[in-house]
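In what follows, chain A forms one complex with chain B and a second complex with chain C.
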Partner chain A sequence: MTAPLVNLTIEGRPVSVPAGTSILEAAKTAGVLIPHYCYHPGLPVAGVCRMCLVDVEKAPKLMPSCATAVAEGQVVHVHNDKSLEARKGVLELLLINHPLDCPICDQSGECELQDYTFQEGRQDSRYREPKRFNPVEDFGGDVLYVPNRCILCTRCVRFMDDVHKDAVLAVGERGDRAVITTAPDAGLTQPWASNVVDLCPVGALLSKDFLNKARAWELDRSASVCTGCSQGCNIVVETRDNAVVRLKPRANEAVNAFFMCDEGRLNYRWLNRQDRCAVPMANGAPAEWSTAIAAAVGALNGKRAHVVANASLSNEVFFLLKRIVGKTGGSVKFDVPQGAEAALPGVEDLALRADRVANATGAEAFGAARTEQPYAGVSAGDVLVLVDVEPSAVPSTALNAASAVIFIGTADPSGLSKLTAAFPIANVVESDGTLTNLRGRVQRFLQAKAAPGQARPAWFALADLLIALGEKADYATASDIFAALATSTPAFDGMSFDSLGLKGTPLAGSMAGAGR
Partner chain B sequence: MSAHGTTPYTQVFTGKRKNDLDAILLRYPNKQAALLPALWIVQEVHGWVSEEGMTEVAAALGLTAAYVKGVVTFYTMYHQHPVGKYFVQICTTSPCLCAGADKVTEAFLKHTGCNELGVTSPDGKYTVIEVECLGACGFATPVQINADTVENVTADKVQQILAGLK
Partner chain C sequence: MTIKVKVLDRPIEQVSYVRATVKGLALTFKHMVDPHKVTVQYPDERWDISPRWRGTHRMLTTEDGKAKCVACGLCPTVCPANCIKLVPGEDEQGNRYPLVFEIDEFRCIFCGYCQEVCPEEAIHVGRHYENAEYSRDSFVYDLQRLTEQTHPVCEMWDPADQKGE
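Moving on, here comes the complex of A and B:
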């Protein structure tokens, strides 16, 4: 059941939205951003900041657009003198006790107080008295509270109350002394608590991990998908000088709403690891790519491939691995590390999943077998093909049984015995591709940084190997491979990088997105 | 009265006080509404509302401890730190100030040994604060000591008043 449409005019633009929509959301559809602080689409409406006041014709006074539903024939003025004057007043009051320490504030450059003051605020303050001061507080977990910068929008309080369902935050004190306070003996140590840092529109709640690390405007941002577990939360990878410095959630109503868990958020340092496999190797020594591929083909000649792959690799990689074992015989196996599950109670079907890999669903769609013992059953003479696994995790029994070892990965493989060929590959933030989450939603990740040395995307290396094995695999991009796998795999039928967009599409017959 | 926070927290809502709370709960449509009187009971027993006290009240009323802390910190009459046995509140609003409330305050600070507003005297007996209008402007300066109000206080009566506190 969809609600009937209501027609109104916002800033002179005709808008039709379902009944019950707020003026603020309706304005977004007309391309008008009404300034706001306390409103957030993922949280209950509070109406406390008074920043989103707009002039609605025939209404006796200015209306808070976040808490006012649209009505037929309404005429809304967002930027007329009356509403601009009101918001200018709100901003002046918010800045009375704000330290204006933007030069040393982590939020600077991505601060809504800064942005709206620049857009609509007064040029100066008429307040000459000393400002209120409160010391910085450690809220536990990854969160630091700087009360002087706080504008008391209560987004953090509402997130912990209504979304995390562990109400450890409240507004304490009153009037100009009011601050956010934690419950006795409690802090923000819950598995999803760090989302309050993203929700905070100003620099009051900061990530300790990111503290003083980079300025917002120095960061390069790429759309990606978290590989921490099988949920597949949409994220933004933020890099600086070719290093990942921060992960942030990217809104996707069908997967993670506006949130990501702390474990996924803080687990990014491995993406910058320095002990990488950076040059191809043939028979234990550095070599040209062509020599390494030739060595691999020589080893595979007439032998079965026992492939053990990391199940966070992309659909494209598993598609190509399927073709490789189709040619050589053998099988693709993967194991799934387990961890404690941690749900975000306020959002349906959103959790840090027990399966701590990103693409087990995709791997199985391309015939890879999930097993707790991926190295079991390496028959004498098999070629052990390791795809992005940790060399130290490979049991010596498997190495001893194999006739040769081909390593395709990111970690330094030099300790492996029988290493016939090693292909350095790009990790998830250094290449393009798609992942399939536990509900069967296929989602793209985009390259965020450059791969080290001679490393190539895994799909590139595998396509070269296929060609060297005598197969047709003239793929120029990850998108080409996806087009090929979509044509040959019924569940992916009709999909393309274009059709996936940045929010993904469910597999045919899967339940992805059915929940919300 | 455990006034100094060094002693371990003792439960407030047991025995008779539990019954008192139950009787209070009957006066309200829901448990949350009994928050202020419940906090008063805690303050009566312990002299102040500690974080343990907030947690106990929260559990008794089915609220979150964070919410209770928000309420305790909102109201100035709940003490968040131990105070002296005698809590002295001196009205220093305009009419009382004209009648010499500043001198009264000085005298109290001197004779109680507190020396500073809001600080408890070394013997743990007194805490002196200034308050806004106590509603007794015709009898300036009024001083409220715990639940009792003394009217027409002048600086020279302070020692006598303190001597009367036993």
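Moving on, here comes the complex of A and C:
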């Protein structure tokens, strides 16, 4: 059931939006950003900051655009003198007690107070009294509270109340003494609590992990997908000097709304690990790529391949593995590490899932078998192919039974016995590809940094191996492979990198995003 | 074919060296008594350099001898030559400070943007030109070197006082 459309004019532009939409959201569709602090599309409307005041013709006073619904024939002025004057006043009042510490504030460069003051605030303050001072507080978890910078928009309070459903934050005191306080003996240790850091429009709530690490303008940002669990939250990978320094959620209404869990957020250090497999190896010694591939082909000649793969690898990799075992015989197996499930109560179908891998659904779509014992059943003479698994986790019984071991991975494989060939591959933030989440939504991740040494994307190495095995696999990019798998796999029919976009598409017949 | 050179037979007063020598010596002796000197007896004497001279850097310090820098990252951002290396850190009191602050003076183009952009008035370009070193490495000034230097610093162009009067 869709609401009837309402026609109005915002800044001279005609807009048609469903009835019940706020003026602020309607203005967004017209490409007009109305400055705001307390409003956030993922939170209930509070209307406390008074920043989004706009001039609506025939209304007696300025209207808060976040809390005013559109009406037929409305004429809204966002940037006329009356509303600019109002916003200038709001900004001046907000800055009365806001310290001038942008040089040492982590939010600097991505701060909405900084942006709007620069755009339309006063040049200087008329306030001559000393500013209010409150010491920095540790809110527990990964969150630090700097009360001096707080503008009391209450986004964090509403997130903990209405989305996390664990009301540990509140506004304490009154007037200019007001600060955000935690409930007695409670802190922000909940599994999704660090989202308040992203929600905070200023530098009042800071991530301890990111504190003083980098400036916002130094970071390079790439769209990606979190591989921490099978939910597949959309994220932005932020890198500096070819190292991941921070992960942030990326809005996707069908998967994670605006949020990501703390476990996924802080689980990025492995992406920068230094003990990487960086050069190809043949028969235990560093070699050229061609020599390593030839060694792998020699080992696979006439033997069955027992492939154990990490189920966080991309759809493209599982498609190529399926083709490899189709040629050599054998099977692809994966195991799924388990963890505690932690749901975000305020968002439907969003949780840190028990399955702590990103692409179990995709792996199964390409014939890989989910098992708790992926190394069981290596019969004598099989070639054990390890794809992005930890070398230390491989049981010696499997190594002993195998005739040869081919390692395709990111970790240093030099401890493995019977190592015939090793292919260094790029990890998830160093290559392109797609992942399928537990609801069957296929989502793209993009390259964020360069791979070390001679490492190549896994699909590149596997396509070379296929060619060496005598198959046709002349893929130049990950999107070529995706096009090939889309034509040969019914569930992916009609998909391409372009059609997936950055928000993904559900598999044919899956339930992805059906709830919302 | 031989080349024939025509030799002019000039009068003696034109070709004699005596007149030129006397003229030259006259100039030399004139400079010995002339008060208007151009040459400066460096290093005993030095020119006054402009208050807006932009030479090698100096980091100013607070009263307790610590660098004023808060590692905001504006100078490496604004630097057109990309010669400033900055790694921020946090001290025992929770204050932000530079763990590493290095300026490669070879790469520096002495534009003075770093001084202009600094919100803490910490980094300055110096009124100083004696920069010789024994090794190339010593031209990468670290934080200790930058704070220990004592030469005067540049007075930036002031829009209110455009001619520096």
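Please note the rule applied: the second predicted complex is superposed on the first by the 516 of 516 C-alpha atoms of A that agree within 3 Å, B and C clash if a C-alpha of one lies under 4 Å from a C-alpha of the other, contacts with A are read in each partner's own complex, and residues count from 1 in each chain.
In this section, contacts are C-beta pairs under 8 Å (C-beta built on N, C-alpha and C of every residue); 3 or more make two chains touch, one makes a residue touch a chain.
Just so it is clear, the model here is predicted, and its values are computed rather than measured.
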item	value
Three-chain arrangement built on chain A, chain B and chain C clash or fit	fit
Which superposed partner A:V136 touches (first chain B, second chain C, both, neither)	second
Chain B versus chain C as contact partner of A:E173, first or second or both or neither	first
Touched partner set for A:T181, first chain B, second chain C, both or neither	first
Computed vertex angle (chain A) for partners chain B and chain C, CA, steps of 10°	90
Minimum distance between Cα atoms of chain B and chain C in the superposition (Å)	28
Chain C to chain A touching residues, read off their complex	70-74, 77, 88-90, 94-96, 119-120
Contact set on chain A toward chain C in their complex	102-104, 108, 136, 211-215, 217-218
Touching residues on chain A, where the partner in the complex is chain B	161, 167-174, 181-186
Chain A partner contacts - residues on chain B that touch it in the complex	51-52, 54-55, 64-67, 69-70, 73-74
